[in-house]
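Some structures are shown below for you to check.
Here chain A shows up in two complexes: once beside chain B, once beside chain C.
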Partner chain A sequence: MSTGDTITLKVEFSGGLELLFSNQRSHKLSVPALVPKKYGDASSETKPADITFLIHYLRDNLLKERVELFMESDTVRPGILVLVNDTDWELEGEGDYSLKAGDEIVFISTLHGG
Partner chain B sequence: MTSCGNPATEQDALMHRRTKFDKARVCIKCRENPGNVVIRHAVYCKECFFPMMAGKFRKTLEPAVNPVPDGPRKKGLKPAGNLCLGFSGGLGSSVLLDLVSRSYFSTYAGEDAKGGTDHPRNTSVWKKATVCYVEICGALPGTRDRTNEVRAVVERYKHFDFVPLRIEDAFDDAWWEMVGGRRPEAHFNVDLADEELPMTSAPAASTDSIAALRAYIASLPTQTAVPSTIQTLVRLLLLHTAWATESSHLLLGTSLTSLSVSLISSISQGGGYVVREEAQEEWQPTVHIGAKRTVRVNRPLRDLGMKECAVWAWWHGLDVIGKENILGGRQGIGALTKNFIVGLERDYPSTVSTIARTCSKLAPKDGADTTCVLCERPAQPGVQEWKARISIRSFDEPALVSPPPHLKKVLVPKRESQAEAAPQHSLTPRLCYACHTTLTSRSSRGSTSVSAHANSTPLPVWVVSQLGSGDGEQWRSRKMEESDMKASLAEFLLPDS
Partner chain C sequence: MPPRTCALCANNRAMLKRPKTGQQICRDCFFYVFETEVHNTIIQSNLFKPGDRVAIGASGGKDSTVLAYVMKALNERYQYGLDLFLLSIDEGITGYRDDSLETVKRNQQQYSMPLKILSYDELYGWTMDAIVSQVGKKNNCTFCGVFRRQALDRGAAMLHVDHIVTGHNADDIAETVLMNIMRGDIARLGRCTSICTQGEDTIKRSKPFKYAYEKEIVMYAYFKKLDYFSTECIYSPDAYRGHARVFLKDLEAARPSAIIDIIHSGEAFEIRDDLKATQKAQQTCKRCGYMSSNDLCKACTLLEGLERGMANSGITDRARKRLDAEGPAPDNLRTIPFYQSPSGAASLAVETAPS
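Then we have the complex of A and B:
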């Protein structure tokens, strides 16, 4: 749900990715509705929160270990599939998809183990 | 956005990023529903994705079900034996188990079966199905045993028998007897520090199979050799289990992505000669066990990428328990290949299927007349001579201290004299190029630590069995007493007059 300045989302991890996030599959979180264009640079212009921001946010706030298994070059590592409301993020603009209140974002690793 | 000029001065300098799908966001099958997933540039909705995936799976598997491959299927599917599934706990095998269950077992003789019990739809294609899992924690200290988790997953499917194995069974005479082999009379150790791989008689079979396995793994020369060896041992354990369960088919959950990884990785490690077998093979034990039949190894997911498998597993709520990462160190060929292919699949998804399709067209120039005793795949003839000619194996090689051409005729090449002096009982001539390379090739970096076992490494039971089976060279060396020698010649000796 949106509360003006923040957006509430449901984020799920599957295929072994949950092991990097406290072994918890489902997370409810609130993120700012508007975020700096350049992640971490508060002085830059703002944009609506998108999945690229969410990935960085998850890395800094929920990820417990081994960032290299989750992220690579400002996006998710190859082999991680992202679904936005049960739809492949490639159909939604990938990292540029603007988050909406109540969105369900799922990260699935296809590389569980070997 | 992709840069194609100076965006500071030119408004049109930034191109829009190309979408990952071809045309519209509408499903290409039904052309009605909005798409849910992009598969190699094609968009599918959720309703059309399931039949598309099940259809591709059956289209790959069914031409190989009847004894004559690709034969007419009008008379239905009649396999020659039972079914065995190799299950690793990973994504591919979890999806395979689900697809096999849904496609060939779930509708069998149900109360709501349509068309009567004799209708082909309601008869099971395979009379019996076994799921075989090989626990590899014995080879990788510090990893956990997942047998019970796998058992719980398999037991959710009521039509399958569960056969748990351990990778150390490869060194266990009792397991070998259980799958129909004969307990070997003699055991051998091999010296992996010597490229000729000389063998010596072992005093007795090791009673501790896990110690034998660890000694074998510890003797391997490179990081790449460890995962390759584990894969070979698991493959042979599965094949012998399929044989013992009278299975005509062994199905593996190798997806298009993992097949491309294993093809490139195998070729990089010298397995180019068996590139066809990497995708599909007919196998029978090299040591004669029971009736003459074959096990057909099939990978029904080989046209489906890991993305399709992951989406199938997520939408069907499958519990993927995962498997140990045997690829290990980042510098191993397997791990490097996997990183490359997975990256390629994200950026250029169609290229990954091109790898598999191209490899399926490859065939060796000459047929094989021998089989490797270790991997039991065809071995290229004359490979050791070729290897000696094309590669520098040590700094003492004749090539590096080569005399001028006019002296070559009068000097005996060192290699030949070495060959004469080579140990009589060598494993090398009975290995394929890839297995010999795995056991002996040193790396300039990333070598494993030198093992105390390298000089007396135990061998897997099927290798020992072949060495002592009599269908090849049969030998045992021991010093005989003079009286023993006389006794063995007694009937040929003329009496003293």
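Then we have the complex of A and C:
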């Protein structure tokens, strides 16, 4: 894996979260395969892109409003479910899951009225 | 990480971690345990008897959509013998309820259940949009809550149902326990964990999802690809509940059993009889016949304030005194149609629903 490689992913928002992302549920995007260990610090060591990186990347590149409804202390806000290829991210190592080409990552808010 | 196999069938790949137990299970076992736990809740609490007519309070949101789906499935699988209906209240909130009602109308087709929609406009002569234009965004949740409660009962009476089920889930109930503690509302604390509430004159209400985690309800809807609507109400949210909700979600992140543990604590509180006795005796509203702890029920009080241009009179004592100082309610005041208790002999004459 060279530093120029990218990974293409499908990201989906639902349960009301899509409202923070231009009211668009499904997004296709490419992210670098290797990213700094410390988000935004190009001089730090690199690691394979993981979900923690993706969450920050989405905040800085796709999120349109009210960041506090999406993130809290370097991860998603409690009450947001994350699925990796339809599996609960709690079974996949949560933020440490290393992204692979073609992965589908779904973010669902449970915080909206029922 | 290598894929893990399901802790229940030991065969398929695990796809979610249950917050209640920490078990890692596959999709099919998840459907089975989720539905079976709701069934057990229904059976252990003796919620229904064969032939009951049951209305599902349907908002188009995730909880009531999953409730309608699961109630239909369990009714068929275990032969409860229930007649199921969807009952929706249209508060008259443009851009919010009108969209979610479209979801309920699709649910009506998908689940082939009769649907009754009762609107605030039809019942009270006021939409929430009109109320907010009069009272602003500060106290409008009071109007909406009081009006919805009564509208559900009246809609249920029009459908001649015995019972209303709502989609309140474990997270909602744990939140309410916390709120009642923080407000010192001991009387409500004592009853907020009951699965079923029934006054003498009211239609039975219950919460089959009392022990179902919100996370599992959302996962169920996702895996089953159920059609639900999710947008926050455009008017001011219930701020106090919002704080309780954030607090609870933080607790859950640290220890997922927190939600069920809080419900168990709530159930274990024993309210002293002398505290219970401070609740006012129930009577019927002199103006509309709905149950009330005063001469006038809360909805009639709020409606009179709106009609006389003094909307706050239903909210604060001071504004109420100002209204009373203006004299009695005029004879031509708009009032809510008279409510006949469905448990009474007159119940068969209740049908006033426009066809």
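The definition used in the following text is that the second predicted complex is superposed on the first by the 108 of 114 C-alpha atoms of A that agree within 3 Å, B and C clash if a C-alpha of one lies under 4 Å from a C-alpha of the other, contacts with A are read in each partner's own complex, and residues count from 1 in each chain.
Throughout what follows, a residue touches a chain if its C-beta (ideal position, glycine included) is under 8 Å from a C-beta of that chain, and two chains touch if they have at least 3 such contacts.
Keep in mind that what you see is a predicted model, and the values were worked out from it rather than measured.
Asks: Here chain A is shared; do chain B and chain C fit on it together or clash?
Replies: On the superposed model, which is not a single observed complex, chain B and chain C clash.
Asks: For A:L111 in the superposed arrangement: first (chain B), second (chain C), both or neither?
Replies: After superposing on A, A:L111 lies in contact with both chain B and chain C.
Asks: For A:L91, is the partner it touches chain B (first), chain C (second), both, or none of the two (neither)?
Replies: Both partners, chain B and chain C.
Asks: For A:T52, decide between first (touching chain B), second (touching chain C), both and neither.
Replies: neither
Asks: Touch check for A:L81: first (chain B), second (chain C), both, or neither?
Replies: In the superposition, A:L81 contacts both chain B and chain C.
Asks: Just one of 6-14, 240-248, 420-428 or 438-446 in chain B runs into chain C once the structures are overlaid; which is it?
Replies: Stretch flagged for C-alpha clashes with chain C: 240-248.
Asks: Going by the contact definition given at the top, which residues of chain A touch chain B in one complex and chain C in the other?
Replies: Residues 14-16, 78-79, 81, 83, 86-88, 90-91, 106, 108-114 of chain A touch both chain B and chain C.
Asks: What residues of chain A sit close enough to touch chain C in their complex?
Replies: 14-16, 19, 77-79, 81, 83, 86-88, 90-93, 106, 108-114
Asks: Contact residues on chain A for chain B in the complex?
Replies: Going through chain A, the ones touching chain B are 14-16, 78-79, 81, 83, 86-88, 90-91, 94, 106, 108-114.
Asks: How about chain C: which of its residues touch chain A in the complex?
Replies: Against chain A, chain C makes touches at 1, 4, 13-17, 24, 59, 61-64, 167, 169, 171-172, 214-215, 217-219, 222-223, 230-233, 245-246, 249-250, 252-253.
Asks: So in the complex, which bits of chain B are touching chain A?
Replies: 19-21, 25, 34-38, 43, 46, 88-91, 227, 257, 306-307, 309-311, 313-314, 320, 322-327, 338-339, 342-343, 345-347
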